[in-house]
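When the chains are written out, they are named A, B and C in that same order, and each has its own residue count from 1.
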Amino acid sequence: MDKMKLTTVLFVLFLASFAYSQGKAAKKVTLLNVSYDPTRELYQDYNKVFAEHYKAKTGVEVTINQSHGGSGGQARSVIEGNQADVVTLALAFDIDAIGTARKGLIADNWIARFQQNSSPYTSTIVFLVRKGNPKGIKDWDDIVKPGVNVITPDPKTSGGARWNYLAAWAYARAKYGEDKARDFVKKLYGNVSVLDPGARGSTNTFVQRGLGDVLLAWENEAHLIVKELGGGNFEIVTPTISILAEPSVTYVDGIVNKRGTKDVAIAYLEYLYSEAAQRIIGKHYYRPSNPEIAKEFPIFANLKLVTVDKDFGGWAAAHKLHFADNGQFDQIMRDLKKK
Amino acid sequence: MVKKRVVHEPLWVKTLLFLISGAFLFVFIVLPLVTIFREAFKSGIAVYMETFSDPGVMSAIKLSLLTVLICVPINTFFGVFIAWLLTKYRFPGRKVLITIIDLPFSISPVIAGLLFIFLFGSFGWFGAWLMEYDIRIVFAVPGIVLATLFVSFPFVARELMPLMRELGKDDEEAALTLGASGFQIFWKVTLPNIKWGLLYGIILTNARALGEFGAVSVVSGFVRGVTTTMPLYIDILYGEYMFRAAFALASLMTFLALVTIIAKAVLEYYIAAQRKSMEVKIQS
Amino acid sequence: MNIEIANVNKKFGNFVALDDVSISIPKGEIIALLGPSGCGKTTILRIIAGLETPDSGVIKFFGEDFSNKKIKDRKVGFVFQHYALFRHMNVFENIAFGLRIRPRKIRPDEKTIRENVMRLVSLVQLDNFVNRFPSELSGGQRQRVALARALAVEPTVLLLDEPFGALDAKVRKELRLWLRRLHDEIPVTSIFVTHDQDEALEVSDSVVIVNKGKVEQIGSPEEVCDSPANPFVADFLSDVDELSIKKKKKGLFNVINDKRQGI
């Protein structure tokens, strides 16, 4: 009986799965947007609007596939071969890492290709606490106190986590001076009970699993939870100092040139700066980079914002000092383990 | 101490053992299963069905089923083949092969996934070659199939090896002397002798192929609607606070698992019925 | 015409199983390969069947060199010590197996197969057990099925590897005589392996005594008992009751075995 036939059928099936995945690119224009964790809802909305707009303008039907995860992990997957047409990651540094690891995959001057340093939206770090703020948290000093349980993701994998870390450091440096900053940050991570790999994971831990007293969250996540998902059980506390998070977007030269999707990719990213898109951005609690549109969203509190470039000498330097192997963060974790 | 010859356990011991095992099964198996269905239907049937109108969910189901459809037959075939090879023949390297079969069991699924990245990722052994010919393995469906193939391979082989060893080779040799060809021997003698072990191995392979998360999550790239299997998509749904949908999909996976078990029972019945049909009418 | 093995040598690793073994078996006879455990007698049997290949030497069936012939081309019937019945098939299916698996061209039709099988079933006196499965039969019954199965394909030689070794003493004795009777009805050349001297001497026409891979003596039961070729043979056959054997052999032809059940 037909074991030969069966084997052939299976082999054909296996090859078919090949063809299935290759063929997907040929039939209509598809873009792969490799993004970071919290932007899921944003791009779900935006992709619909963009597809309509692009079809009306050029008649071409675009399908955008999304991938989400911790920013560092997502960057690594692109390095390892995930064929992203565009990357919309948490920080410019992760995009730089792609270009460094694979020469030519992303042009060196990518950041200048779109307005505002390729940041169509910005955000910052705020505190999310439980309703009634039982631990009376008002600022960074309150969360390093003993007995306060802090939830924040792991800076080694999560872009959001690195913003959290630098925001804390910036505050400590401003209030206590540079040499006390490290101890301050150490106290902060000493209070962390769960280190999730991505921002969304930390949110889950705090909101769903009910762990921790305060979540260091992206501002947009915090608003999302308070307004929609938290069931009215949470409040936002804005610290006095925080960091301007400038998530960056760009297209991946190596991929779009090969796939012939460069024009679509550029249109996709440019449209993020359009008024319609900026309003979607604001609706999802990101700060639109267009100052006129930003005025339409008064919920964004005004606070003192430091930036990576001005206050930390840029991401490369910050990464080398703090997040690289054996950097400040690794040392802090080692010290904490010793206790 | 007076030695009592106890032939049966006293009633209280029996009851206690029964209660303990019953409680264990209830808490660790029945309760979670019931919870999955309860959470899935908490907001009503309409919300439950809505889950399956999401194209991402449907593509996840299709991808999982495709993966199972490829991996289970391939692993069954090679599992039987390798078990046969290892029990009927002696050859140099035999012991090494036995150890290799156990590899997917002993390494963490995440490491297994990383192995494929190391082989087929852009910096992997075959990376440059694959990129040149634009062949996509990792972060695409073939990578998912390969990773699943790897982690679900050992079950059939490990079920069959002790079984075949015990059965010995007499039956096969008898069939040889009666003039049977290699294929006839396998189909009419070996296969019926190993069928229950084989079936159980297939069920385990199926379960693992359907439910694998770790290895697949590493090679997937999480491209929604393209490289997300059911377990991955459940993770996505859960992360987007869509709990009803996550449990709805989980309930489907549970249901599929139950179906395989029912299929086994049906097969048992069918084989018993076949036995009956072999009866020869004796003429007086 | 006969079965001949000439100058056969076989080694398993460093262990010499057979050392320059030569045996000639006349057609239609039952011969016994007799010797202590591990002497190589089963190896000889398996080499004749084709289940093992000799390192050197020739195997001839009726003058034709069969040394390189495949097992199924040798047309041998083999009966195993542990029956090797197909446990998922009933008695009928087991016996019919060899006929059913023949290629379409030379396969007899179902009616003929049925007739042949039922004839063999009667021959081994298992008429009422035709639908039973091996697990529902006693040891003796199973071995009779195995015999019928081997005979169904009309082999040119019947090989039996310690056929009664797994049975208890009483059944062994009964089946031994039964086999001799069967051979009288169906005189196919038969070779059986045993370590039981009584069995070998009672059933066989000739005895081949094997020890440590070498043939010590070949002869009729009377010959090997009356004139042992060397001390080993003499010692090996020392507690055989000659007289009772001679009596049994004579008596066999006068007694008709009416037992139809219970073996």
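Keep in mind that, in the parts below, a residue touches a chain if its C-beta (ideal position, glycine included) is under 8 Å from a C-beta of that chain, and two chains touch if they have at least 3 such contacts.
Predicted model only: the values in this text are computed from it and were never measured.
Chains making contact with subunit A as well as with subunit C: B. Using mean Cα coordinates as chain centres, the one most removed from subunit B is C. Put simply, the chain nearest the middle, going by average C-alpha positions, is B.
Remark: subunit A and subunit C have CA centroids separated by 80 Å (rounded to whole angstrom).
For the pair subunit B and subunit C, the distance between mean C-alpha positions equals 46 Å.
Here the CA centre of subunit A is 36 Å from the CA centre of subunit B. Residue numbers of subunit A whose C-beta contacts span two or more other chains: none are found. Residue ranges of subunit B in contact with subunit C, taken from their complex: 170-171, 173-181, 184, 188-189, 192-193, 275, 278-280, 282. Residues 1, 3, 6-7, 10, 13-14, 17-18, 20-22, 24, 32, 34, 37, 40-41, 65-69, 77, 79-83, 102, 200-201, 204, 208, 229, 258 of subunit A are the ones touching subunit B in the complex. The part of subunit C that touches subunit B in the complex is made up of residues 49, 51, 71-72, 75-78, 80, 82, 84-90, 92-93, 97-98, 101-102, 114, 127-128, 130-131, 133, 146, 149-150, 153. Across the complex, subunit B meets subunit A through its residues 66, 69-70, 73-74, 77, 117, 120-124, 127, 131, 134-136, 138-142, 145, 183, 187, 221-226, 236, 238-241.
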